[in-house]
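Chain naming follows the written order as A, B, C and D, and within any one chain the residues start at number 1.
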Amino acid sequence: MATNALGLFNAPSSALEAAGALKGAGFDSPTVISPIPIHGIDEVLGKKKSIIKRFTFFGALFGGIAGFALAAGTAVMYIHATGGRPIIAIPPFLIITYELTILCGILATVLGFILGSRLPAFKNRVYVPEVAVDKFAVTVLCEDPERLKRAHDILQSSGAEEIREVEGEQ
Amino acid sequence: MSGIDRRDFLKLAGAGGAGAGAGFMMRESTKHPVEHLVPYTSSPEEFSPGIATWYNTVCSMCSSGCGISVRTREGRAKKIEGNPSHPVSQGRLCAHGQAGLQVLYNPDRLTGPMARTADNEDLLPITWDEGISQLATRLGSLQASGQGDSVCFLSEGVDGHLAALYERFMAQLGSSRLVHYDFTHPRTLYSAIEKLFGDSQLPYYDIGNADYVVSFGADYLSTWISPVNHSFGFGSSRKGVNGVRGRFVQIEPRMSVSGASADDWFAANPGTEGMVALAIANHIVNEGGYQGDDRDAWVSALAPYSPASMSQATGLSSSVIIGIAESFLGSQHSLAIGGGSAGNNTNGVDTLVAVNALNYLVGNLGNEGGLILNPEPVVGSGSGTLRATYTDMIELAEAARDGRIQVLILSGTNPVFNLPDAAEFREAIAQIPLVVSLSSFIDETSSLASLVLPSHTYLESWGDSFPEPGVGFSIGSVSQPVVSPLFNTRATGDIIINLAQEIGLSAAFPWSDMEEYLKEGWQQIYARGNTGDGTEGFESFWNDVVRAGVWGETTRGPSPEGLLEGVIESIDVAPPEFSGSSANYPFVFHPYISDTLEDGGAANLPWMQELPDPLTSIVYGSWVELNPLTANELNLEEGDIVEVESPHGRVTAPVFIYPAIMPNVIGMPIGQGHTDYGRYASGRGSNPIQILSPQLETETGDLAWAATRVAINPTGRRVEIVKTGGVSRELGREIIQKVGADGADADGADHAAELSSIPVKVVRS
Amino acid sequence: MSFIDTLRSRWQEYRRPGYYENFDYAWTMTIDLDSCTGCGACVTACQAENNIPLVGEEELARGREMHWIRIERYWEGEFPNAKLNFIPMLCQHCDAAPCETVCPVSATYHNQDGLNAQVYNRCVGTRSCAVYCPYEVRYFNYYNHEWPSPLDQQLNPDVTVREKGVMEKCTFCIQRIRQAKDAAKDDGRRRVLDGEVQPACVQTCASQAMVFGNRNDSQSEVFKSMNDPRAYHVLEEVNTAPSVVYLKKVEVNG
Amino acid sequence: MANQDISFAQINDDVVRSLVVTGRKYYITLAISILVTFTCFVGPWFYQLRYGIGAAGMNHPTVWGTYLASFIFWIGLSHSGTLLSAVLHLTNSEWRKAMYRSAEAMTLFSVMVAAMMVMVHVGRPWFVHWAVPYPNQMEMWPNFRSPLMFDVMAITTYMTGSIIFIYMGTIPDFAAVRDRTTGWRHHMYVLLSLGWRGTDTEWNRLHWAYTFLAVLIVPLAVSVHSIVSWDFALSVVPALHQTIFAPYFVVGAIYSGTAGIVTVMFVLRKYMKFEHLITKLHFDNLGKLLLVMSLLWTYINMVELFTGWYSESSEEYEALNFRLFGFYGPLYWEMILFCALAPLLLISKRFRTSFVPMLILSIVINIGMYTERFLIVATSLPRQYLPDAWGMYVPSLVEIAIMVGSFGMFTTLFLVFVKIFPSISLYEVKETLPEPQPKPQADSGAP
């Protein structure tokens, strides 16, 4: 199992600084763990491409088609005339279409979120409970003791309150 | 949530938790009452399961004698419809006739013979043999000792061979006390017809071919004489049978169903309908409309009845009277009919004489669309003369009180309910040592019986009917059992035959049962020769009649030559007399036969109780009808309970504001107010007959039930009247659209084209 | 025909309003208000034919009437010129029925005879059809109604007894239509003859105010009757295209 | 915005305390609300199931009654939560963050209670699954042309969306609580938090997913109440057949929902000791929103009256006449007083920032809004086209009990919720605080 260096900071700015330094020093994926989302993290770690919007878009698209197909398809499969309306009555079916568009959009967004954020986590991952309260952690995977040492130094110099070595996946 | 048995409990306990509990509750909620399917192990031959069998028979719900077809499935009667080949009903039926099934399947029917063991004890079941022998012994001893006349047979009005059987039975017993009593019997009309034409039967009024009908108080579409036939005629006439749309005029103090359907409705003061008729006649005669030989006699007889002089008493303006007279004269087939409250005032017979005389004046006696006399009755002497009047009933009550009556046999009729309290009939019956009831239900009168021998309903028994007024020629129909008897009851005819044989009158009553007796009787009809084509022998004829449900001849009754001698001279309508002073009793009481419950006989039928009254939409109850002005004056609103007080008693009922009743008249439907008569009838509403004064029609001695004055006393209490209707005003919504006869509607728009379907002829003065 | 053509023709078929038109039957009733006497025979006939429960006085007092056909009455004017007009009100079997569209489970729909059919089994009891019906001719079973023995022996075996929570209404006596069709089929006829089938109300109407038949048959009595110049629909403005046609009352003045 | 001087740790402490430390008062309240639910809702409902809908007061012209009014009420109440939360999220309103969690919970439970009201309303609830489009051997499908089917779809979607929305927003908080709890709670939060750590990627994904959800939920919420209004407006019943019904219902829903939030805020603040988190600012802002909604609502109400009166049609006129001056006339004027006049007090900032008056007003508004829903059903249906079929509707005891019981059910659900869900959004409240600054180097020596 891999060893990770983890530095705890009490301010997001320090954590960002450390993360930037680590990235600059050739660590490919430093992870910042924080109790609140940190503004400006994209500038430091590079903009993450969100795949969620595609999920949402295609989910909604699928939902729209499926909604109309459900309404029209069932109407054709189970033919009964009501109220002088055609079997495929567009205005009411558009409402069904609309609702299913949103429903599938929501479900796809959730799916996107789950996949994109690699949740739920089944494996042991790097974590310290303090980050859920008021600490900001920066952690990085170190394949060998030398890199570990180097990471340690960078964290230290960025003003880490505490530095630990943690087993687990990133 | 009854009946949690051990298994349910274990299931519940085993599964545990709210989930299972909810499931159990759910199952409880959705479960149906336990039903058992009992198959026929050997099915009767007549039917195959799933295929309906139709039997033609006769409706006995009222006296008009409609032919009916009863649909049966698996031995149960399911639906009654009119017999299309029967000339009276012509395939149609009224609500009452439909509800006949609920007589048959009424949950309050008597299921077997019962007797009181000791005085005032409950009725306990006995066997038929016991019951018959108990009664036979008594009758036998009375007959043997020559006291046959102390036996009274009080029956509802029946006709045909059953009536003849009754007559034979009573004659054999040596009793003259065979009394048929019906509250609705048009006694005064019989008298009026007899007076005019010397005919003892009701005439047939050919409404279907008439194009101008003036009805004086007769609710011919709902309760009067033969409503189904009249309604059929009404419909035909309205559709323009003779190329002209029939026009209907109704003159009565309170709008009835017929009044609502009429083109013109006029409110004449109660009891003055005859005067209106005479004023019309006056105009017809004096304005040259009548040119008969006896014109002079008419002129002098009608002299006091000029329209102008009558408008004060009748409350109708002379222009209205003249308008009616002109139209009556100007129409090709005009017809005047009268009855209902008009015939039940103190001047009832005179009124109806005046009304029917109008038909003579326009010369439509015996014509299409006119008054047609019926031929001689086929069996017996016709039912009219047999029916008891109020005076007869009072005499009967007196005899009972004096101990001159030992045995009273009741069948179907309910005089305790249908006679005013003033007659004290209940007390009189209580004096009779043995009261026997043959009725199918415990009504107010039968509840006084100490021996109950319940008879079949009409759908389980043999009988026949020769409807009166029929349709102007001889018809008869055989009524046959359509289902096997439901309970341990017997047909009335069988009971009589059985009794007679027990008494030892087998010589006079040689038949084994009613069916055999009936067949023998119909041999004579077969012998008349009008047996139709293709019938060979009596059996074949009989089977044909039973299958068709009707037999008829095409011979018309006698065409009246004219009026009897001296009728014209005696024509005169006295002002009506009302009991009670107008100071203490300011209103005229107008009880009327309920459109749904008849005279109360249908009150035990839940369909009839739930059928909204056509005019008020009220169900399950009594009400007092007040003109809006009167109600306003008395400060009363719908639902306020008032006491209606007459010189002879008082009843309470909630007020209903009725827009079409005269301000000085108080209307109240007859039919509710039963104290017995089953779960659907008893304890509901009140009976206006109770408070009627024993005011008599002067000529017949029958009860003038429209001749009582009343006062209205508010009680301060109120109820919500149970009715199905909401607000009975259109509020400009054009739900019921109309088209004017002159081709213009209220907006003045031209609708002449719309009239092409119905030719309307307007006679203008 | 290519797949696209099939699809297009199907699409056109399913997009056609009034899908049920051009079938053999379009059952229609005309009611002549000029002949109706308001007697109520139709009400009882219907109750007898269709197993309509007795609801009892308490329920009626709460406004839970159950007559599939009812007589409405409307007064005009005041005494002495008061007039009363009757109109029998029953399910109008509208071709554009608001009740049909609203049922979420398709318990009510338009059948191929032009009838507004009610499938009791399928009904979940939302009662929305009753709200949507402008004629208010749909009746709801608030309870399991009982027929005290032996009144239950009268029940028509051809008609379902409805359980609680189910909406019911006039069916134009569909069981009779069914029987007539079967009879016609047995006789080898394609169609039911005019006058061969009549609902209980029409059958019993003594004043012959009602006519029933197939309006797709131009020889039928009902076709003639509904083309009478007096014909109109109640609540025409709601545009429900009813199959019950009323004939205007004729008012004679003078 | 929460007080500026509290620390991150304090917020964690507060929230965990609210979940773990349970006072006697809570149990008593919970017991009462469960009791009310069972005696007033479950019991009467089973009675009604057993004997039929006849246990309620509905009748021939008025086949819809209090149950449906309650249904609209609860759906309406559900509106402000998720909708408001989503709108405020999209507009980056900071003050939203302390209150949105409980507002969303309110949505969720209102929708659930509303769904229960549908079950209570229908005649044969045991067959209600027939309204769900699933393949079956009868080859029958529901009728998608029905406004009620729109309802089924919309409410299902809304409920799903709301659950996901509230859940997704709570995942970081579950993680925070997970670390502080032990025993079964810990296990529960381990499951609920899905292994959330708070990495930059997770935050990033959460942010986008949450924003997209918010974007989807705003039109959804608007559509839901529009669709509920179409249950009425697509009929031809006079006084229900109104084109203005959809905006009317949406505005009414947000209005009553906002009032509901005020009520819930007050209770949370008082009994969960969140005084420093839920402040006058929230009440002030909610008060402004209420005022706007009240004015909008009044305007639409007047438009409805005016068009009805101006149409000069007997149908509209009689229905409005009955609503204003009929048997239920007093209720109408009560509604006007409660929903149109009383909220004018909100013009005063002093009123808006006083807690108890705001609580009273919010309850008054919701009473008025319930009345509105009741009147829509109870005064329109008895006055339809055919005057002879007019009737009257008075709710029965069972209906009233179930209405009361529905509040018990809502309270029960809410009470359970506050013990499972952190009722304040931890991370978002933390976000509103000043960002922690690096401490001077000298202090950082200590571990």
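Everything that follows uses one rule, which is that a contact is a pair of C-beta atoms (placed from the backbone, for glycine too) under 8 Å apart; a residue touches a chain by one contact, two chains touch by 3 or more.
Since we're looking at a predicted model, the values are computed, not measured.
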item: B-D compared against B-C, more contacting pairs; value: B-C
item: Mean-CA-position distance for subunit D and subunit B (Å); value: 63
item: Rounded Å distance between subunit B and subunit C, as computed from the means of their C-alpha atoms; value: 31
item: CA centroid of subunit C to CA centroid of subunit D, Å; value: 42
item: Where subunit A and subunit B are represented by their mean Cα positions, the distance between them in whole Å; value: 87
item: Contacts with 2+ other chains: residues of subunit C; value: 65, 72-74, 98, 101, 103, 106, 109, 144, 235
item: Contacts with 2+ other chains: residues of subunit A; value: 75, 78, 80, 82-83, 85, 92
item: Per-residue overlap in subunit B, given as positions that touch at least 2 other chains; value: 617, 725, 728-730, 735
item: Chain pairs in mutual contact under the definition given at the outset; value: A-C, A-D, B-C, B-D, C-D
item: Residues on subunit C engaged by subunit B in the complex (per definition of touch); value: 32-41, 43-45, 47-49, 54-55, 57, 60-61, 65, 67, 70-80, 82-87, 144, 148-157, 163, 200, 203-209, 228-230, 232, 234-235, 246-254
item: Contact footprint of subunit B on subunit D as seen in their complex; value: 46, 49-50, 61, 124, 126, 314-315, 318, 385-391
item: Contact set on subunit C toward subunit D in their complex; value: 59, 62-65, 72-74, 89, 98, 101-106, 109, 122-128, 130-132, 134-136, 139-144, 164-167, 235, 238, 240
item: Contact set on subunit D toward subunit C in their complex; value: 51-54, 57-64, 121-125, 127-128, 130-131, 140-143, 145-149, 151-152, 231, 234-237, 381, 384-389, 391-393
item: Of all residues in subunit B, those that touch subunit D in their complex; value: 1, 25-26, 28-30, 617, 725-733, 735
